[in-house]
Amino acid sequence: MVRCGIVGASGYSGAELMRLLAPREDVALEVVSAATSAGKRVDEVYPSLAGVVDLTFGEFNPSQFDGLDVVFIALPSGEGMKVVPELLERVGHVIDLGGDFRLQDMKLYEEYYGHRHSAAALLPSAVYGLPELNAEKIASAQLIANPGCYPTSAILPLAPLLKTGAISPDGIVITSMSGVSGAGRSASVEMSFVEVNENIRAYKPGRHQHIPEIAFVLSGVAGKNVSLSFVPHLVPLTRGIYTTIHARLAGAFTRDEMLRICSGFYADAPFVRVRQSIPQIKDVVMTNFCDFTLVVEERTQQVIVTSTIDNLIKGAAGQAIQNMNIVTGLPETTGLLRKEAHYV
Amino acid sequence: MVRCGIVGASGYSGAELMRLLAPREDVALEVVSAATSAGKRVDEVYPSLAGVVDLTFGEFNPSQFDGLDVVFIALPSGEGMKVVPELLERVGHVIDLGGDFRLQDMKLYEEYYGHRHSAAALLPSAVYGLPELNAEKIASAQLIANPGCYPTSAILPLAPLLKTGAISPDGIVITSMSGVSGAGRSASVEMSFVEVNENIRAYKPGRHQHIPEIAFVLSGVAGKNVSLSFVPHLVPLTRGIYTTIHARLAGAFTRDEMLRICSGFYADAPFVRVRQSIPQIKDVVMTNFCDFTLVVEERTQQVIVTSTIDNLIKGAAGQAIQNMNIVTGLPETTGLLRKEAHYV
Amino acid sequence: MVRCGIVGASGYSGAELMRLLAPREDVALEVVSAATSAGKRVDEVYPSLAGVVDLTFGEFNPSQFDGLDVVFIALPSGEGMKVVPELLERVGHVIDLGGDFRLQDMKLYEEYYGHRHSAAALLPSAVYGLPELNAEKIASAQLIANPGCYPTSAILPLAPLLKTGAISPDGIVITSMSGVSGAGRSASVEMSFVEVNENIRAYKPGRHQHIPEIAFVLSGVAGKNVSLSFVPHLVPLTRGIYTTIHARLAGAFTRDEMLRICSGFYADAPFVRVRQSIPQIKDVVMTNFCDFTLVVEERTQQVIVTSTIDNLIKGAAGQAIQNMNIVTGLPETTGLLRKEAHYV
Amino acid sequence: MVRCGIVGASGYSGAELMRLLAPREDVALEVVSAATSAGKRVDEVYPSLAGVVDLTFGEFNPSQFDGLDVVFIALPSGEGMKVVPELLERVGHVIDLGGDFRLQDMKLYEEYYGHRHSAAALLPSAVYGLPELNAEKIASAQLIANPGCYPTSAILPLAPLLKTGAISPDGIVITSMSGVSGAGRSASVEMSFVEVNENIRAYKPGRHQHIPEIAFVLSGVAGKNVSLSFVPHLVPLTRGIYTTIHARLAGAFTRDEMLRICSGFYADAPFVRVRQSIPQIKDVVMTNFCDFTLVVEERTQQVIVTSTIDNLIKGAAGQAIQNMNIVTGLPETTGLLRKEAHYV
């Protein structure tokens, strides 16, 4: 039995963790803290969890987590680093869904996140929790930095292409579209229905905090510096990320060869599906899958990749549970391959 | 092992049946026919079912269903009656998700459905498959008429109130709003995104074919003739039905008393949740639950009921599987209480 | 030249007033106050008004409105009564888009609005601003209470039927669905995209503050007490109200006779369109029209009415401008019949 | 008085032309043909045009257009070339909203459009109808090829940057998201609400027919060969295109300098708004504006452009009317700057 808790459990990632963890018979979800909802029952805030989660949100109190095997941090970036140090002394493993421990370079962190890092001493021990690339390190990590949603959608298709040199590490252009749940659960005019519906807008073009995360991870895979541009867009749907990438073909690779490279690279990865046809969000929503394909634009010698995930599952809670499975010695897919959860 | 098949499997109800049945280890889904998609693999039409359903749609051929325990008919109304007679001779049980066997009165059928009934001889043996009212008869039926989506959302809250005489059987007004998946999967300008998005329209006011179905079933429950009006509306969302009902209070019942009556009536019904707060579609989508509550409008002595279901699950495929469970002797909730399928 | 101002101009009704008034050459929009946006240019808050409105939101200061011909109050109910008394001493006419001056009965106001009325002395002089019923009184009013959005959609189709005795004044059931802009522009989790999208919920069933407004106005038309039930629903679209009404047929009227009665009643009303076919929101969005039709349900002797308006135009800003036109002696349709604003 | 007609008037671009032309007092819309709706009144197909357009769709018959000043062709690409030759002999000017006369190179046409060109002899005389670049030639053209929607959104921001050499003509990456009305009005499962809602998918990556159009026009502006990649996406909204472009900075230009270059370039262009802040679809919907801005990504020396238009207006019908104004000697903005049509 894996005993676990969630800090910041009342946001959408926290709720998704509860939804996915609570029914498991090999997991005991014991503590859920959430400052803004403290004192409320979970099913008061999320009526759909009635009969699923029988817990009450509490204020954060580190001692309540004492002895748990795994604690998930589902706080906004900048908040995780305040609680992780003391939790690491009390629990088996900490999986942070925020951005505080993803970048090894404190300066980059401070540049892109816009505030000081108060727990930089922990950075060297944090393992980037993308299981398809890092399973071995994850298995022995105490602190796991769960990847960002956009990075997950971009790194997975690019990794095999960069590793084999099929594409150039320079001039990669990543354009993403995200459903609104990615912005979290909070009161703002900007995220109100009337403002988002029938609208699209780019945000933080060229300066989103996921840029150094993608670049750092892919540079490690490529063995050389990877340079990329990235622009995310807010689009009117609840769940899902769609990522379209342009990269320069670096050799005489055909589409089929590159698809084979990718399929081989992910032969043992249960959640990556290399597709022949163009993926769409509908096919991955409510699942932990990342679907992608690629085509070659002969005229410009560009490789065009299209990739999609559910931002709350493979982009957050599902991936965190995949990491929990690995770090606790369970089969990687436990609780995540429920075929009945596929969406039609 | 329950061996089963689906006729008309490529529509949304058929796909939902596949999604819910395929992962079950106690069910073998063996044959899926679909005229319009014959020859195509299921995961070609529904990529999200890749790895879930490993079947190819075939033309309808009754002999292919020989010996199956349960065959689901997911055809439009008017089509089911063409295949049910011969299937009944070949298989254990037929569960028709269409409207052909719901009304015992052939004349009413022909009035509301607008075409002749070609299998009226079977009507007396058909059992109306609303498990919360009819479980015993369902258990021994060969032909089960799965209820309509709107009727499910209206009958469940009204049945206990009518049975106990809390509301008058006359002058009931039912107004429903349905997501677009209820209109089925077919090519039409009317159901195209641009026509439905940012729009609402009523249809068939006062003459929808679900009117006699609701009236007939509730009259049986009330032990007297129930008279009602019904107007459905098409609203811009994919799944879910919301039904608001006005009925005249027939005695000195308080809100609490009526909620207790309902809770008592459904004490053993795992899929009906009598709520204190006003239900919303989000809380039942992707589940087999029907949530409802009621308030009393003192001024007018009206009882106002609000009720919600997922039209494709409790309103179609989920309820059909509930019926299959009952008729094959399985626990009623098998495969339908997957807590992880709750939607946040 | 009609000189005018808006109090509470930064909400959606205020913005709609600005959008419709600013381009007019016979109107000078001089002052726009908005506490939450004071100091910001209008086109900073509403970029689509760049080049249309060249004003800056200010704090509310009654003396700034001195001498204007018309001041619109686009504040939440309960706020209007705080500013109307002093404005009435300074300006020609006040048109309040909120609910503070619609009910003549202070007790009803306090019961349904939940707070004290601080300007009840003004109630007798306030004129209910539904031009199709009240044009003459509006023409000479100083204080005009602009109707609520739901009441507009319900009163317009019911008035001719009640006046002629075609329907019974008892047991009217009104069910409405509203787009989210009706809830105003403010930061709340409840109105965030993720909570509203793919969802429907009823609110305030049987106790919405528009109930006494509809009942009072229709009782005046009918010449006897009108009793009704009303339930509004929030649905996932930006603009538009759809209202479906059940009323008991009170005589031997056919559908055609009742449609003729309605057409005759509105022969001189440029914004009411009595339809043969079922109306839909798309046909009135971005216009000041109210479209409606009716059918007779023979079986139950009910008349079923379906009606639709744009909640921000005929349900708020457009109707307010219609009132301004009347009270300032302009043709009623000025600035409101721009055919090019019809939405396809 | 400009006498005009529309061929293919019952699709969304045709309806938008009718909506914008019919109210004009300087235009007489005399003939609207539409094969699929022939014999139906316009307001039967588009109820919102009741009282606006008093015409009946007819079969296409070239002689009916005899003597008109301007005929708009709103047919799918491949259909326009069948009717344009005979219309050119009968009418003053033809403005084709389809793609048949945009590419001067017949081979490119046949490669990207996938069928033969049957009227290639007319290509040399066709003028590309982007008024901001080509007003002089448009003024004396008989055949005007109205630009594609995606090209309009991409060419307008890129033209000044390429002309001044601020960006490199190589390696431009264009990613666009389009509302569903861009796919036209037709019956298909693919464009049904259920398939499009809560979904995103790329289509024709690297091989969309707008690629050679954009490249050809921009090469003319740049005075050298421009090479680009382009991927469009279908997103769940009705109207609007959002385009995000990456291009390599070609000199020591700052953001401000480039914005000034663009503002200068469009100093006399009433429908192009160079913005400081990131544009959003809401700000241009229901208008003929193109809004754009740009930022410089220092790290990669990329210029990132974000641009937005209403695909049915600046991307189709509005631009066609802008061309009609120019070719008939009217002020360019006639009927297109209705400030009241701005959307809040």
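Residue numbering begins at 1 within each chain, and the chains themselves are lettered A, B, C and D in the order written.
As a working rule, contacts are C-beta pairs under 8 Å (C-beta built on N, C-alpha and C of every residue); 3 or more make two chains touch, one makes a residue touch a chain.
Quantities reported herein were computed from a predicted structural model and do not represent experimental measurements.
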Between chain B and chain D, which partner chains are common?
-> A, C
Same residues or different residues: which describes how chain C and chain D meet, taking over half shared numbers as same?
-> same
Higher number of C-beta pairs in contact (A-B or A-D) found for A-D
Chain-centre distance (mean CA atoms) for chain A and chain D, in whole Å, is 38
Determine the centre-to-centre distance between chain A and chain B, using the mean Cα coordinates as centres, and give it in whole Å.
-> 37
So chain B residues touching two or more other chains come to 12, 195, 197-198, 236-238, 279-280, 282, 285
Quick one: in the complex, what on chain A touches chain D?
-> 171, 173, 175, 177, 195, 197-203, 205-207, 227-229, 231, 233, 235-240, 242, 244, 246, 278-282, 285, 295-297, 299-300, 302, 304, 306, 308
So, in the complex, the side of chain B touching chain A is made of residues 12, 15-16, 18-20, 22-23, 46-52, 198, 273, 275, 277, 279-280, 282-287, 312, 335, 338-344
Residue positions on chain B within touch of chain D in the complex are 12, 180-181, 185-189, 191-198, 236-238
